[in-house]
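Take a look at the structure set out below.
Each chain gets a letter, A, B and C, in the order it is written, and its residues are counted from 1.
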Amino acid sequence: MLKHCVAAVSIAALAFGLAATSAFAADKPVYGVLMKTLSNPFWGAMEKGVDEGARKAGVDIFLQAVESDQAAEPQLDACNTMLQKKPAAMITAAINSTILLPCLKQANEMKIPVVDLDNNLDPAITKKAGVDVAFHIGSDNEAAGAKAADYLVSVLGQDAKGPMLVIEGLSGNITGEKRAHGFAEELKKKAPGLNIVASLPGDWDSLKAANITNDTLQRTPDLVAIFCANDDMALGSVEAARSAGKDKLIVIGVDGNVNAVKSIKAGRLNASVAQLPYLVGMQAVENVKKVLAGEKVPEMTYVPTLVLTKQVIEENKDPLLQYVK
Amino acid sequence: MSCLELNDVRKTFGAIEALRGVTFSVEAGSAVALVGDNGAGKSTLMKTITGVYQPDSGDIRFGGVSIMGKDPGAIREAGIEMIYQDLAIARMRDVASNIFLGRELTRSVFGVRLIDAKRMRSEAEAMIARLGARIPSVAQMTGQLSGGQQQSVAIARALTFNPKLVIMDEPTAALAVREVEHVLDLIRTLKSHGIAVILISHRLTDVFSVCDRIVVLRQGAVIADDATRDTSMNAVVAHIVGATDTPQKGANP
Amino acid sequence: MTSTSAAAPASWRERFAGGAAVRLESLIVLAVLCAAMAALSGAFLSVSNILNILLSTSVFGVLAIGMTFVISSAGIDLSVGSILALSGVAGAMLTSNLDLPWVVGILGCLVMGALTGALNGFLITKGAIPPFIVTLGMLGVARGVALVLSDGVSIYGLPQQMVWLGQGRPLGVPTPVIILLLTALVAHVLLAHTRFGIYAQVIGDNEGAARAMGVKVERMKVLLYTLSGLLSGLAGLLFAARINSGEPTAGLSYELTAITATILGGTNLFGGRGSVVGTLIGALIMGVLQNGLNLLAVRPFYQQIAIGAVLILAVWLDRINSKEGWRR
C-alpha cells in the first residue's frame, strides 16, 4: 500500500515538475513552433532566434520538438496537439515533406497560417495535397554545399588536383544529401581536378566520421580535403586526421555551430559554412507578424550563409557574424 | 539432541498461508519421510529450511543453533544439503562446475582468486567414482547428460562437502526400478554414517523401506508424525487425503 | 551411451578455443571477411590498417564487453549508449566548464557510468522490474540528463591528457586500442576464471539453482549492471577523447551494435554462457566489415544491406553447425 502511494506521488511530482518548465503568460498572441529536435545545436540556435524574434514582435511562443530528427510520427502527434491550443500561427520544421500534411491541412481549415521553417516542405507536394503555406523560410542546403566547394577552390586553386572525401549525413536524409550534392556539383564545375574518391554515410555521428576518415586515409594517404555534411562529423573527422598526423588535410563542415567556431579558432577545423539558424528563426517570427498584419512576404526566403574561417572570425567584420550562435 | 528441530514455523505469501505452524524434528543418523498431497506445503517447508524463503515466525535449529535468517549459502556451510526435484543444475556448465557450484575451489594468482578448474575436475571425478555413478566425463556439459546422470551429479554435489543433513525432494520419481534401489541404498548408507535424511516422496513403498519416521503434511500443517513401525500404509494414505480428522502431536488446528 | 557422441565435438571445440567457449564459426566468419577484403582492397592487409580497425572497434568493443556479462546472466542493458553520452558529457563538463584537473575528468566519466549502472541494478533487484524495462527507461533518462546538463550542445575542448587517451599513439599503437585489449584481458579472466564470472553465467543458466546453491543473486545483479555502466563510462571517455568533445548525442543506438557484437561472438542471447574473447571477435567482424565497406567506398544504402546480411549469415552459419543442443 505504502509502495503504491510512493509510486503515485512520484508520478504526480514528476508531472508537476515538468509542467513548471513550460509555463508561459497568456495575455499575448501565441505562435506555435514545431521543431525537429532540440538535441542538436542547429535547432538550439534556431530556438534562440525564435525567442529573440518573439521578444521583438511582442508575442509568445509555444514550442514543441520531438526526441530525434527521425521521430516522424511523434511529430505529427505533436502537431495535432499543438492545434488544440489554437495558436495564431503554425511555424513548422517538418521531419519529412509529407508527415505533417494532414495536420497542416487542418490548420488551413482553422484559418491558422502555416509556415515552412527550414525548407522541409516540397511546394509541389503541398500544392498537390491542397495545403496552403504562407511562406517558406530557411537555408539553401545545396548552396551551402556549393559554398564549401567555393571555399576549397579559393584555398587550393582551380587547377588543384588530388583525392577528396565526402562524409554524408544519415542515409536518405534530404538535408545531408542536398549539401553533399551541392558540394559535388560545384566542385565538378570549379575544380574538376579534385576527385571525390568516396562519399560515405557518417550518419551525423562524429565517431563514425572519425572512423571513416581513418579508413579512407588507409586507402588514400594523399587525401587533400574532406567535406562533411555537418559540423559534428567535421569535428570528429578533423580530430581523427590530427591524431593520424595529417595536419595539412583540409576539413570543412556545415552549420557554423559553437564547437566548430571553437575548433576553427584553435586552428583545427579549416572552415564551416554557417547556416545562421538563429537568423532563420528570428526572421520567421518577424515575417509571421507581417503576414498576420496583412502585409506581403516573399513565398520563398533563403537566409544567407557565411563561410566561417579563422580569418573571418578574427577580423570580426562581417555583419552576419552576430547571428552565429 | 536432535539434528534438526522445527518449532511452530509459519510462512504466508500474501493471503495464502503456506505453512501454519509446523513442528517436527529429525535425529542424526535417521531418515524422516515428509509426505503429503500436492500443495500441502512440502516444497515451501524445504525451501524455508534451506534459506531460499525466510519464515514469518517460529524457530529452526540445526545442531542446537538457530539458523533463522541465514541465506542459502550459509545454511549449506552449516551442513544442510538439498537435492532439488528439478536438480538445480546449470545445464551449460560441466559436471565438475555443478558439483562445486557455490563452493568453487580457487587458487591464488598474483593475489587474485581464480577458479581451479583442474583440481575441481579431478576431485569431481573421485566423487563420481565413489558414488559408483556412470558419467562419461566430468568435463561434459551437464545438460547433455541423461536424467539419471544429472541426478547423480546433484547427489554428488550434496555429498561432497560432508553434510550433516541431506534433504531429497522426490529423488526417485523419474528413475527406473534399478536406479530407485540405488538411491534407497544410498539413503541407508548415509544413515549408517550418522547423516540425517529428509525424504520427500510420493512413493510410499520407498518411504516405508528406508525411513524411521513419517511426517504427514496437509494444508501447511503437520497432521501426523509417527515412527514407521507404529503406522501403516493405509493410515498414512488416510492422513494424506484427510480421511481422518484427528490432529496429532505437533499439529495445529 | 547416447551422450558420449555429442560430447566429442564440444570438447575439441573447447580445446581449440582454450576453454574460452569461443565458437569456431565466429573465427571462420572473421577469417573469410578478412580474406575477402584483402582480395578486394590492397590497403586492407597492413599493420596500420589493422590498428585502424582496432581503433574503430575500441568504443563499441568496450561497450560489448560489458554487455557480454549482462547477457550471460540472461539480462540486457539497453542504456549503454546513453550512459556513454552522459559519462562523456560529465567528464567534459568537469574539465572544460569547471576547470578541474584531467584526472577528475577521467574519474568523472567512470564514476558517472558506474553509478548509473548501479542504479539500473538496484531498480532491477529491489524494484523487481525486468532489466529490459529498467534499462529502456534509463536509455531515455540518461540521454535526457546528458542533454539537460549540456543544454543540447556538445562540450568541445578537453585537457591534453584526456585527449591523449583517445588520440595518443604510444609506440605507434593508438591508446584506445591498448585500453580495449587490456579491458578485454581483465574481463576475460573475470568472466571465465573467477567466481564472479561463473556465477554471472550460472544465473543466466538457472537462476533458481544459483540461488539455492548459495549464490547471492541480487548482489551479483547489482554488480553486473554496475560493471556494464562502468564500461559504458569508459567507452564514453574514449569517445569524448577521440573527438575532443563531450557530446550529449554520442552513442545513439550503440546498444544494438554492442548486442550484435556480443551475439556474433557466441554469447547465448538467453544467458548461461558468454565469452569475452568471442565478443572481441564479434566486434572485430563488425569493425572489419565497416572498414572494408569504407575502403571499397561502397555507397551508403548498400552498406546497410551488407551489414544486415552479414549478421544474419553469421548467426545462420552457427545454427547449421551447432547440432548439439542443451536439454532444457
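As a working rule, a residue touches a chain if its C-beta (ideal position, glycine included) is under 8 Å from a C-beta of that chain, and two chains touch if they have at least 3 such contacts.
Note that the structure is predicted; figures quoted are calculated from it, not measured.
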| item | value |
| --- | --- |
| Touching groups left behind when subunit A is ignored (all other chains fixed) | one piece |
| Chain whose Cα centroid lies at the greatest distance from that of subunit B | A |
| Innermost chain, where centres are averages of C-alpha coordinates | C |
| Computed distance of Cα centres, subunit C from subunit A, in Å | 32 |
| Subunit B and subunit C, separation of their C-alpha mean positions in angstrom | 41 |
| Length of the line joining the C-alpha centres of subunit A and subunit B, rounded to whole Å | 68 |
| Interfacial residue positions of subunit C with respect to subunit A in the complex | 41, 43-44, 46, 48-49, 52, 55-56, 59, 143, 147, 151-154, 156-157, 166-167, 169, 174, 239, 242-245, 247-250, 252, 290-291, 294-295, 297, 299-301, 303-304 |
| Residues of subunit A defined as touching subunit C within the complex | 38-41, 43-44, 68, 168, 171-172, 197-201, 205-207, 210-212, 214-216, 218-219, 232, 235-236, 239-240, 242-243, 257-259, 262-263, 266 |
| List of subunit B residues in touch with subunit C within their complex | 50, 52, 71-77, 82, 84, 86-93, 97, 101-104, 106, 112-115, 117, 134, 136-137, 139-141, 143-146, 149, 157 |
| Touch list for subunit C against partner subunit B, complex | 1-4, 6-7, 10-11, 19, 189, 193-195, 198, 201-202, 205-206, 208-216, 268, 272-273, 324, 326-328 |
